[in-house]
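What follows is a group of structures, each given as structure tokens.
One chain, subunit A, links the two complexes that follow: it is found with subunit B in the first and with subunit C in the second.
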Partner chain A sequence: MNRRTLVGLLLLWSLGPLLWQVYTSFCSDQALIQPFVSHDQRWTLIHYQSVLNANPPFWRYLVNSLIVGISSTFLCLLLALPAAYALNRIPRQLSALSRLALVGAALFPYVLLFLALLELARALNLGNQLLALSLPYAALSQPLAILLLNNAFNDLPPELEDAAKLEGLSLFQRFRWIFIPLISPATASTAILVFLFSWNEYPIALTWISDSSKLTLPVAMARIAGSSIYSVPYGAYAAATVLGSIPLVLLVLIFQKPIVSGLTSGAVKG
Partner chain B sequence: MIIFLLLPALLLLLVVFVVPLFRYAWLSFHADSVITGLIAIPNGGANWLRLLQDLRYWQDLGQTLRFAGVSVGLELILALCIALLLDQRWRGRDVVRTLALIPWALPTTVMALGWRWIFNTPYGPIDHFTKIAGIGSLNILGDPNFAWIATVWADVWKTTPFAALILLAGLQTIPADLYEALRLEGGNALICLRRITLPLLRPYILLALLFRLAQSFGVFDLIQVLTGGGPASTTESIALYAYWNALRFLDFGYSSTIIMASFVLISLICVIAWIGLQVLIPTHPKSRGVIEL
Partner chain C sequence: MTLQIQNLGRHVGQQWIVRHLNLHVEDGECVALVGPSGCGKSSTLRLIAGLDPVSEGEIILNQKNISHVSAAQRAVGMVFQSYALLPHLSVFANLELGLRVRGVRPSDRQQRIQAMLELVQLQDRADVLPAQLSGGQRQRVALARALLRDPDVYLLDEPMSNLDAQLREELRPELRRLVLDRQKPVIHVTHDQHEAMAIADRIAVLHSGRIQQVATPTELYHLPETLFIAKFIGRPQINCLRPKDGVITAVRPESLFFAKEGLPCKLMSREWLGSSQLLYLESPEGSLRLSCSTSVDIPESLIVSWHRSDEHYFDEDSGRRL
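The block that comes next holds the complex of A and B.
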């Protein structure tokens, strides 16, 4: 097989299912049931109208996910930046051991933590609060964030900090004027990966949030799916899938570079 | 001073990763359900004995292992092919790299709903295809023989881009002159793959393998939305069973036992996979440890 065919197959495999959703979302119900019969009304926007006029309207979930995503990312970076810096300033063996533990935590299937985290939410009364979700999200993305940012700190020449110290800059000033600007590419990669994780996270959002106006996008989608198994309004589902995918497709297209560099620098430097 | 920078992150990590494990271990030796009024009462090893005799647990464990083994295996093979394709130079490569990443970025539940429509009987495209091809309607999501394949398919679709990206990062670290030297000795593409690419890629394969094995062993979102564990719980995973036990049967003690057992198993599987990979792929003299300590 030549390369053109292979690339075509790859694109078909990657995008086909998504494009099928786009196609479905514009088809009228009759056309979905009998695709090979010609219909007067084949194309329609009715599915989008029904999804956007539902109660609560679909954009509500997008806004909720956006709120959770941004707050989690912010909290995660706030904690991970100092920790990543400090990891280079502790004894070498201890820091190597910490990094190994962080790799282990990053590999851990976090789904299994849902029960303990649910108990925590009950004990601290954190259920049904969107912003409270950023606590577990920031915590679960700490390992990856610290590892990625620590790599960035490692790449800075050590003389840099000595020079800044001689200039009399305090630790905060060094962070503000030297480290933050210099590691901003790694910070951007980390931020986007954390945002993606928080936006897509399902099991914890499922157990922490039950109020239907506070659901994040993944839980809202699953709830739509669970509502009825036999009479399934697939046109509306497809419209919801497309609307739910658009923000992420845009995110990937715009931030492709930092996403790839974040994932690969995590891999290359372990 | 340094310790104050580390402390907040360390505390959060302890609360979220370490405390739960101790909590699960403790709860697994307690009865804590609706029957006890959701109060933990020590019950010795009763939960663990129940686990050993719980046929549904063993069935779910087998299904989870089948799911993880088949989907991670397919993912790695496919990811290696994609990475090799995307490593070559050709026009439009960067655009294809970006587009191929999209499945990975979408929320699992969103596309799980999409797959439910694609595998739908009788209106989905797969069903149309099998009818036109003369195989007839397969009732994919309703047939225990096919439903699990659908879950593997959807999982491979979503997670292959991630694995491909990791392997691609590895391929880019291999210097081209190694290949040229072997070609001069008369090695063909297959020998290059066996003697250079795979050995030098081993740390990256290991990373992708361990990460994907652990994550697919805990598969939850995809199965819950795509099949709900059905038909007749033939696609139910361990994480889903633990979830039912906690939130539907309100039996926190037994749910903790299942989770604790899964944790031990996944650690074991990761160690076995690690050793297995060292045996399977020969060591290259220039191979450097990435997470092979």
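The block that comes next holds the complex of A and C.
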């Protein structure tokens, strides 16, 4: 097999389902079942109209998910950045031990925690509050975020900070002038991972939120898919999927450069 | 205005990295810190700069004990071996950062940085990132940053080790002009003994964390206190004869000369050094190095001798001078 067909197959593998969803979302229900209907009946925006005009309208879920995603990403980075820095300054054995614990925590299947989290939400009255959802999200992403950012800190030559200390920069100033700019690629890729996690998370969102105007995307999508036991609303579901992935596509397009350089940083020192 | 270091030491775990360090550097005096790799030169500078905690002893700068003062509060200008310039900031911004956090007014900063860039001859490189500079230019930016700090003591950690030999030689007078004219104590770390002898007023030889001798270059060359120093200072390396009764006799290669009577030797090989040549000889006293002028014709077997006054004696066990 030559290289071109291989790339073509890979593209089909990863993009095929996406394109199919886009196609489905613009297709009338009839056309989906009967492939040979005439053209003016085939293409339609009805699915988009139906999800956007539903009560609550679909953009509501987008906004909800954005709120949760942004707040949990922000909270997670706010805690992970100092922690990742500190991990480099504590005694070596303690640092190695902490890192091991973090790897363990990062690999732990969080679904096992969700019953306990539900109890917590009940006890602390955190149910049906969007911003409260960012607490478990930020916490669950914390281990991975700390590890990734710690690697970025590791890659910085220690003399940079030493020189800054001699220049009289306080810890806060060193973060502002040295660390934040220099680890921004790693921060961007970490932020995307955290954001993605909260964007996709299902079990916690399902159990913590019941108020239909406060649902996040995955839960809302599941509701659309299961809204009727007699039929599966393929078209509406596909439209929701397309709408739900637009923010992610935008995000990745904007941060494409830093993400790629973040994922490969550390491979080559420079 | 002097730097005084008394019995300075630092240990990590059980291991002493630097210990029993005593050094006194006057204003406008440059002391070179030399020694083999890993002997604690950088560690010593980091202790003086306040980047590592002091385990014992005292650092006194201008009659003030600064042993436990934070790095920011010690007025120390340091040039790092790797230069430690911020890669994402232009030359100008690199120099400006320190002034900014120390609260210098913007117009003032502009003026001082311009003047400094002129001094180090980098006026036209102000807006360039460090990565776009040559090694020598980076070194001058690092130096400019230290100079702008207007410190009470200068610490230079192998500032020229990343440069090639020719550039090093060219920059030496410049370093003198820029740093030594400030009339502040200067400690210059180097592993290049030529550089140490060329720049420094005194040389401190460090060996596994202890200072073995502090002396002027001539003193160090003519009266080395230990065998280690005798071997470390002076190239080609000093000759050590077979130990007799626990005493090692050492003679410099340039003290040897051809004679009618003396030690019979066989020529093993020779090295051409430009202005002189180096002969490797085999003798009953062990192998010898002899350096002489290039105009001499060398036979296969020859007799060498030296004046008794050129001999150095060291104790075989302790390596101390006798």
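In the analysis below, the second predicted complex is superposed on the first by the 245 of 270 C-alpha atoms of A that agree within 3 Å, B and C clash if a C-alpha of one lies under 4 Å from a C-alpha of the other, contacts with A are read in each partner's own complex, and residues count from 1 in each chain.
Quick note on the criterion: a contact is a pair of C-beta atoms (placed from the backbone, for glycine too) under 8 Å apart; a residue touches a chain by one contact, two chains touch by 3 or more.
The shown structure was predicted, so the numbers you read here are calculated from the model rather than taken from an experiment.
Participant: One more residue to check, A:108. First (subunit B), second (subunit C), both or neither?
Facilitator: Touch status of A:108: first partner only.
Participant: Kindly classify A:17 by the partners it touches after superposition: subunit B alone (first), subunit C alone (second), both, or neither?
Facilitator: In the superposition, A:17 touches subunit B alone.
Participant: Can A:160 be said to touch subunit B (first), subunit C (second), both, or neither?
Facilitator: It touches subunit C, and subunit B stays clear.
Participant: Just subunit B (first), just subunit C (second), both, or neither: which does A:168 touch?
Facilitator: In the superposition, A:168 touches subunit C alone.
Participant: Between subunit B and subunit C, whom does A:217 touch in the aligned arrangement: first, second, both, or neither?
Facilitator: A:217 contacts subunit B only, not subunit C.
Participant: After lining up the shared chain so the two structures overlap, which partner does A:70 touch, if you call subunit B first and subunit C second: first, second, both or neither?
Facilitator: neither
Participant: Under the stated touch criterion, name the partner, subunit B or subunit C, that contacts more residues in subunit A.
Facilitator: Between subunit B and subunit C, the winner on subunit A residue contacts is B.
Participant: Output check: A:181 vs subunit B and subunit C. Expected answer is one of first, second, both, neither. What do you get?
Facilitator: Second partner only, subunit C.
Participant: Which positions of subunit A sit in both the subunit B and the subunit C interface?
Facilitator: Shared contact residues on subunit A (touching subunit B in one complex, subunit C in the other): none at all.
Participant: Could you please specify the touching residues of subunit B with respect to subunit A in the complex?
Facilitator: Subunit B residues touching subunit A: 1-3, 5-6, 8-10, 12-13, 15-17, 19-20, 23-24, 82, 85, 88, 90, 92, 96-103, 105-118, 120, 123, 125, 128, 157, 161-162, 165-166, 168-170, 173, 203-204, 207-208, 210-211, 214-215, 217-221, 224-225, 228, 239, 242-243, 246-247, 252, 255-256, 259, 262-263, 266, 270, 290-291, 293.
Participant: Which residues of subunit A touch subunit B in the complex?
Facilitator: Its residues touching subunit B are 3, 6-7, 10-11, 13-15, 17-18, 20-21, 24, 32-33, 35, 79-80, 82-83, 85-87, 89-90, 100, 103, 105-120, 135-136, 138-140, 142-143, 146, 171, 196, 199-200, 202-203, 207, 217-219, 221-222, 224-226, 229, 232, 234, 237-238, 240-241, 244-245, 248-249, 251-253, 256, 259-260, 263-264, 267-270.
Participant: In the complex of these two chains, what residues of subunit C are touching subunit A?
Facilitator: Residues in contact with subunit A: 46, 49-51, 71-72, 74, 76-78, 80-82, 84, 86-88, 97-98, 101-102, 145, 149.
Participant: Using the touch rule from the top, collect the residues of subunit A that touch subunit C in their complex.
Facilitator: 157, 159-160, 162-170, 173, 177-178, 181-182
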